[in-house]
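The structure under discussion appears below in the form of structure tokens.
Just so it is clear, A, B, C, D, E, F and G label the chains in written order, and each chain counts residues from 1 on its own.
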């Protein structure tokens, strides 16, 4: 994997609406403010507290997640369009 | 259950006004800024402090709750319209 | 009581101006920004600190209180109009 | 006393300009943004920290104080016009 | 001294521009946003932390100081025009 | 190296889009809000907590990184155009 | 030196662009938002935490530094135009 997110950031691949059968989450019209579904591609080492304590993230590589529509920043990694976001942008884990 | 909320988030099913007999809470006109009633469908693992301490949530799956009218984000889970919100959006537990 | 406030919230019944003899507090014109008087109907379990410490509230059920005019959210409980507010909205205890 | 302020709040009686001889503080024109002088009528139990520690207030009942012109909320207690403010609104103790 | 500042506040006498020889600081045109020079008349007991720890102030009575032009609140003490400000408004100690 | 960043700051050399083969990250049009790629030239001693604890940074000199388009401040060091930014502006480490 | 900065403040002498050979930093047009170079003239005792811990500053008297264009407040000390700023305004140490 050519990209390691920093601290409490997570690299996510967007899962398009029609692909969703396993998790059973259907979000027909991506136009509205509906949350988006995605898959975790890589996670940071964890959130750092003020005195240096590192707390590992709750999500793991491979998790199917729901995140807020406008979360994160788009980036191309190995030619693929992905999103870098903070774990706090993630609403929950699917399935 | 196909969806696990993250950290201090809660998945809630909206309970429509006319269904409310048991808890005895009547909120006739949902138009005004009245709080909404709902049922907790799933809860996150708990709030995380700066140094990683996890504090379990006070609400549990199955609790009837009151929450602020504009709280949370709408999402479809297994074809059903639900809401994901933070525990801090919940005003109290009914009954 | 059909409603338990969450954490540091308090359920309050508004006490109308003319009823006030015992506590001796007279707030003639509720139009101005005068604080309101009320009675505590139910209290939450307490404020939760970042690392999970729960600190019980200072006000108790039955206390007569003064609170800021615009505090809290209106709700109907068992057909009665009440207000849910945070303890930090309460100015003090009467009598 | 018919009113106990909550936490770090203080009940204050306004002392009119011309009455001030003892403390020697003269604030001739209350129109400008000059601080106001007053007398502490009652104090709360103290400021509460995030983990529940209660720190008693520095001002005591009977202290003559100076406070910012727009501090606090007006209230009538036993028919008298008083002000409820936070200790942090108080600039200092006179005499 | 007829006035004791509260907590981390400081009572300051403004030192007019032309008086400044000892410290050697010349601030010719008080019109611009130049810092002001003054003398500390009285200091509070110290800054209070969230859990009640009191930290004495760094400035002492008699110190010559520089402070931001718009800092503090004007007040008359024993007929003299002085300023009450927070220690954090003070830039440094002269001489 | 003629420049040591302070605390949690990082000195970064911008890596132009066409140079990127090793890490495999292609960001064709720098016009859009795409994150930028760069190389760490120097790092500060670490983030300082409120009570003085110093936590070393996660990025090291020589790391290839991705950072937000508008992060940091431009500066010339030894005649070369570089950027000074906070570690919190860095999204992740490439390769 | 006739001036001691308070807490985490630093007294700085601006170093004009053309003087810079030793450190090798050239900032040709001070008009743009380029950081400024300067020399530390005096430092405060250190940053004070909420519970009174004093953490010495990282910069020392005599250090050549880079700071943000609009940082600090101008003041005349012993007839010389200097700047008082917070250590957090300083980007790094030159040479």
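Going forward, a residue touches a chain if its C-beta (ideal position, glycine included) is under 8 Å from a C-beta of that chain, and two chains touch if they have at least 3 such contacts.
As the structure is a prediction and not an experimental result, all values here were calculated from the model.
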Compute the shortest path length in steps from subunit A to subunit G over the network of touching chains.
2
Spelling it out: a chain qualifies if it touches subunit B and also touches subunit F; which chains qualify?
A
Report the inter-centroid distance (CA atoms only) between subunit C and subunit G in whole Å.
52
So what's the Cα centroid distance for subunit D and subunit G, whole Å?
42
Whole-angstrom distance, CA centroid of subunit B to CA centroid of subunit C, is 23
Multi-chain contacts in subunit A, i.e. residues touching at least two other chains, fall at 50-51
Order of the ring members, counted from subunit C so that subunit D is second
C, D, E, G, F, A, B
Can you list the subunit A residues touching subunit B in their complex?
23-28, 33-35, 47, 49-51, 53, 55, 58-59, 66, 68, 87-88, 90-95
Provide the residue numbers of subunit F that touch subunit G in the complex, in ascending order.
2-7, 9, 11, 42, 44-45, 48, 50-52, 73-79, 84
